[in-house]
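Think of it as A, B, C, D and E in the order they're written, each chain with its own count starting at 1.
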Amino acid sequence: MSLWLTLAVNSIALGGLLFLLSAGFSLIFGLMRIPNLMHGSFFMLGAYFGVSFLQQGVNFWLAALLSGVAMALIGGLIERFLLKRLSGQELPQVLLTLGLSFIIADLCLMIWTGDPWQPATPPQLRGAVQVAGLFFPIYRLAIVAVAVVVALALWLMIDWTRLGAKIRAGVDDAPIARMVGIHVSKLFTLIFALGAGLAAFGGVMGAPYLSVYPGLDAEMLPLALIVVILGGTGSLVGAFVGSFVIGFLYNFGQAMFPDLAYVILFLPMVLVLVLRPQGLFGKVMS
Amino acid sequence: MKVQRRTVLKGLLAASAAVAAPPFLRAQAAPFKIGLLTVKTGPLAQGGNQMEQGILTFLTEKNKTLAGRAIELIVADTGGNPAGAKTKASELIERDKVNVILGPLAAFELLAITDYVRDNATPLISIAAAEDVTQRKANPFVIRPSATSAQCCHAMGDFASKELKFKRAATISEDFAFGYEQMAGFQRVFEDNGGKVVKKLWPPFVTPDYTPYIAQISNVDCVFNGFAGSNPVKFMRAYADLGVKDKIPLLAGWTAMDDALLKSLGDEAVGVISAAWYSSEANTPSNKRFVEGMQKAYGVLPGGYSAGMYVAGQCVEAAIQILGGKADDRKALAEALHKVSLTDTPRGPVKFDQYGNVVGDVFIRKCEKKDGKLVNTVIKTYPNVSQFWSYDEKAFLGNPVYSRDYPPAKNLE
Amino acid sequence: MSARGPRFFAIGVAIAILLTLPLWIANSYYVNIASQILLWAVAALALNVLVGYGGLVSLGHAALFGAAGYTAALLLKAGHGHLVADLAAIGFTLFVSAIFAILSLRSTGIAFLMITLALGQILWGIAYRWVSLTQGDNGVNVTTRPRFFGISLATADAFYYAVLIVFALAVISMAIFVRSPFGASLRGTRDQARRMNALGYNVWLIRFLAFLFSGFWTGIAGLLFVYYNQFISPQVMALQTSAEILLMVISGGTATLLGPIAGAAIVVVMKNVASAYIERWNLVLGVIFVLIISFMPDGLIPGTARIWRSGWQTLRARAARGVRVS
Amino acid sequence: MTALAINALCKSFGGLRVTSNVNLSVEAGERRLIIGPNGAGKTTLFNLITGELSPDSGSIELFGSDITKLASRKRAHLGVARTYQIITLFAGETILHNVSLALLGLSPLRWSFFGNLDRQHHIVESAREALAHVGLETIAARPLAQTSYGERRRVEIAMALAQKPKLLLLDEPFAGLSIDERRDVQQLLKRIPREVSIVMIEHNMDVALDFAEKVTLLHFGEVIVEGTRSDVVNDPRTREVYLGH
Amino acid sequence: MATSALALDNISAFYGDSHVLHGVSFTLGEGRLLGLLGRNGAGKSTCMNVIVGLLRAREGDISVFGESVRRMSPELIASRGVALVPQGRRIFRSLTVRENLIVATRNGNGKKAAWTDETVFAMFPRLRERRSQLAAHLSGGEQQMLAIGRALMNNPRVLLMDEPSEGLAPQIVAEVMGTIRTLKASGLSILLVEQNPRLVFDIADDVVILNSGEIALAGSAKAINPNDARVAQYLGVF
């Protein structure tokens, strides 16, 4: 009984972290149709940035923000100078993002060495709450809260601001959007930067929980893929729900069917792609 | 903190040039080649880098000359996977024609190349733990100056049952040979002393979050973990975060509480009791030199990966001495390596059994916080521990190799 | 027409070099590297059938590669002979390919890529986690290489020639396939699937058969890999391997015979040879890919050919002007 | 004999009716012209006939047999061929290869892993014949990338003709052509033998009208007027659709 | 003719290899309404795309109030006060009605903008009722109004309208034409593309008829007789 409860609460916590990871991927892959195979690298590099900021004595939250901003800048530059020229060409995009992920992985190894880094949890969030006699770390619950805040902020931005409307207009019909005066190309750079920044922010948030180490990128990328595909490309609600679904599949799969844990994780992705390609919450593209 | 490899190499070159070799050695123009099979890229690079630092520290100390022979070190990066280990081993043996190979890091890498080094008659000094390489499938070309997977765990099983008086234990480790063998060793001694292992958990090597496993642990006196690489850091944080640490004491194998890992750990590691074949606290002269050398060159506290390579270097030196400098016959070198017996190494006295595995001390340490820093304080030393523990060698080898299913866990609940 | 002469000459030289390679590379290490290039080239050529000629980008081919390798390794370990193990491996790979194809061919483009990726991850997950069958991370050892007509393949040279024969068969079969009516049909479905349908072609079946053909050669490459390393572990089936094979194809040049071979050579050489000299070889490999995509977006072979042609034309034009002046 | 019989055919896209209860009957050997303003549902009708779209209701018969549920490729084997309004060719190949592909589609040879398509004599010969029909035999070996727009239009037609269809659907074969090119295409359409029944979509009525015996005017997916050329031209509903008065 | 609001000078344009416009020149006077006629495929929409910068002219020049815009991006041309009501409306279907308007806001020339979402709603009260609905759910006529409103949000100096009557019921067409009259009366320079000649002759000051990418007839609306045989021929009706 306590096992199930712990697993359930932890599923939600993992879901929150997965949302921070995949919200940006949902924007980049869903809205811009770029198969960004370096999204895991953004997450990892962001986490390393966070580690370095923390070592300089920067406050945890500030470190997460700074890391997000730094990564957004880098992402923006990559989009502007490398990816933009390949718009609509999937194969070269795959090659480019994979190539860059190799580079980022090796740079991280150079700079931060192979040692695992696990920054301390921010002091105000240490400790655990007791739920029905079970301990549960406050920090993980805080991640869920942050994920919900980020989700709300993104939702507000995309659905309720003029900027968001312009982004959606650019996705809807790029040529017409340009014609009514929307700088679609700049907006797309912005989305990419935002997606990269979010991943980095998620990386810092995840660092006290997952720790940072070489190979983290390759672990996170498939998770981002499953979440977004399951939830539906381009749908924030989908990414949100997908994150928690995967959180549950991951936790219960590992605990109940360790031999088939990955089958349980990836089979839903195959089924969704085959039976409902737009995902659980995606819209059918006309 | 950054590894200044190039500077280190430069320093080495300068040092070896400055100290001219004695005249009688000049005749031997060809240097003695040591190949280092390590991991410099990918998830295992941490241990790989430490291995390289360990051997470099030793060679620097010796001015790149061992028993009068000039040494050339060739470093090969396997990338941490078996296919890479195979290719790189063949690079070292067939292209570079090294006299001896140090490494590799991981058990699955060692398993992929043992047959190959035997076929190519190249001595190998490994710190990877795959048991059978020095047991049922003993390889005349392989010696292991570190420990088998179970060597320290036997001691931990003994300590947990006899000194800590634990009755019920759970084990958790990665789902591969190194994990199986460690847990099996612990279980065997623990249960032979009247304890019960009631839960054995096997998360995969790549596990972002250990909570689903930790959540399954309850109603035991202790948990023994055998994680390696960066996993112990993640595991112990989750273990503490979930509040289990305060209720159930945590025991660890050597990789899980390696001294080099302490800088990556936080308060969650305080109180963890581990069994290791090396302690940076050890009071031998060579260990002092070693720790100082590592501090000076890299600013780090050395752990088992570095120490293993340092000891490996000492073994090479001793073997060349045994052969009187004529160490170019690789078969003879392999035999000499088996005969090596050292009294002063960073890990204490070292000698080898007939299967090439070390007989040496095992330390039981307790992690404490001193002056704001984590240290593993030695609380008990088991001297001259053999890979067979106190069991009869023949009977031991008559059993199957330690695995996920052997010895059978009869007390699982 | 005049291009035919130099081309035959170049092919002749290539064959001569490949045939005599172990003779002038006395070092078995480099012979082994050559074997690796050839065996990965077979895998890249196989993937190219789908990527280059079918327009279907698969990121799950490492699973097919590994399926063949694991089947053979496990059957050999269970005591079966090489022939049985190899035939079963190919059979099982074809079976897996068929399942992959049936599930993934419902879509094209990025969805196809994602389905193959997910299927690949499932198979990898089985190899990785179904420890009682596959021994998980510990991998499976293969103690012997097969003998061909009494010749042992244990030495580097013998194995090289065995790989070379398989490689040659693969190249020949690809060359035949590309020119064949079926190959033309496949390329047609890549360029104008809808029109092909209206012209009377069964687009789905064409793609399905192409997938099997690709799976077949990927399986062969997987067998070569297992025999080369005499070892297999789940890392072979990871996404990283699928990505590497795909990178070989794209960086060399899709829909060419030479491209995937060149791509395989780049990756293998970087990974195994250059890594001995350049500590940060992964970074260099990444930079190479980024440069290729920036300056030769259609791949190394077509890109070089284009530069070569334009250079040749400038030279000729200059020569022609020179003649006129004199 | 009726070559094509369409009964009460309907097709909607997301609530928008693009084909609304269309009835159409084309006799064997007939030349039929379909006109109508943009968005009248003409191309959709073609897609329904070739099976590239499937109707919501209604039926399609080809020479008396029901093909409503038949796969597109099988209709090709029964003798339906078409051209596309937006040129849909194999851009990386030669003209000859494009036409050969059309022939291969109907040949069992298309499954062959062996041999070289460009050396299959009977296919190449037939392809050349088709190209001769449209006046492109001299440039058969030219890569498509080096051809003009007008030449590509003719390749489109040659591909359809090469299939020796019983029913040929031409979707705006004059679109984008210069006046000279139009005349050429007009000539080559006239040379198509009477065994082939032809349905043609065209806006350009001055080139199209004298080709057709019967004209059908579609508007909003419905057949508005049908009859001989002068019937349709003089019908006030036609003037309403086109001139708004 | 007064100042030219929009002038095309010898424009040639291609879609891929297909030569669509062959040296087209015409001028839209300030405050006037020019009707551009021609049958399908004559090059009318191509003209529009070239003017707003979605298709680059290979030769010739385009100027808006004397400033050449030929090399400008669509966004920049929009900032010069050129707005298009595209063929088929092409409203942003996943945006609400109001969002469709506000994304196109431009406050040109520092003046107080004449057109805001409020003034557009005042002009099309039905849009106000549906301001929070998704544009995809509007009827054809409402979508057309929205497309016009969206163009007005740019506070254009030149308004281009591509077949605003297409696919609309006659009553709605009349409404749309009424709107165009109002806009014209407000002094806006308008280029109206139509297939339906009657509508154009009713409202236009000047008429240009395109045929196969060339100008076949041009002149003031009064000077051309809509029942002229040539008009019928160029418009494809016999």
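Here, a residue touches a chain if its C-beta (ideal position, glycine included) is under 8 Å from a C-beta of that chain, and two chains touch if they have at least 3 such contacts.
Since the model is a prediction, treat every value here as computed from it, not as a measurement.
Chemist: Tell me the fewest steps from chain B to chain E, where a step is a jump to a chain it touches.
Modeler: 2
Chemist: As a test of understanding: of all chains, whose mean C-alpha position lies farthest from that of chain A?
Modeler: D
Chemist: Using each chain's Cα centroid, which is most distant from the centroid of chain E?
Modeler: Checked the centroid distances; the maximum from chain E is B.
Chemist: Report the inter-centroid distance (CA atoms only) between chain A and chain D in whole Å.
Modeler: So the centre of chain A lies 50 Å away from the centre of chain D.
Chemist: What's the distance between the Cα centroids of chain B and chain C, rounded to whole Å?
Modeler: From the centre of chain B to the centre of chain C is 38 Å.
Chemist: Round to the nearest whole Å and give the separation of the Cα centres of chain A and chain B.
Modeler: That gives a centre separation of 37 Å.
Chemist: I'd like to verify one number: the distance from the centre of chain B to the centre of chain D, where each centre is the average of its C-alpha atoms, in whole angstrom.
Modeler: 76
Chemist: Where in chain B do residues touch two or more other chains at once?
Modeler: As it turns out, chain B has residues touching two or more other chains at 40-41, 175, 202, 204.
Chemist: At which residue positions does chain D touch at least two other chains?
Modeler: In chain D, no residue touches at least two other chains, as defined above.
Chemist: At which residue positions does chain A touch at least two other chains?
Modeler: Only 106, 109, 258, 261 qualify.
Chemist: Taking all chains into account, which pairs touch?
Modeler: After working through each pair, the chains in contact turn out to be A-B, A-C, A-E, B-C, C-D, D-E.
Chemist: Help me check something: in the complex, which residues belonging to chain E touch chain D?
Modeler: 16-20, 39-41, 163, 166-167, 195-199, 212, 232-233, 235-238
Chemist: Taking the complex as given, what residues does chain C use to touch chain A?
Modeler: 51, 57, 59, 103, 106-107, 109-111, 113-115, 117-119, 121-122, 124-126, 128-132, 238-240, 243, 246-247, 250-251, 254, 280, 282-283, 285-290, 292-294, 297
Chemist: In their complex, what parts of chain B are in touch with chain C?
Modeler: Answer in residue numbers: 5, 40-41, 74, 76-77, 79, 81-84, 86-88, 90-91, 93-95, 107-108, 111-112, 115, 174-177, 202, 204-205, 404.
Chemist: What residues of chain C sit close enough to touch chain D in their complex?
Modeler: 176-177, 179-185, 187-188, 191-192, 194-203, 209
Chemist: With touch defined as at the start, can you tell me which chain A residues reach chain B in the complex?
Modeler: Where chain A meets chain B, its residues are 2-3, 6-7, 10, 13-14, 106, 109, 111, 113-118, 120-121, 128, 134-137, 139-140, 208-211, 213-215, 219-220, 223, 250-252, 254-255, 258, 261.
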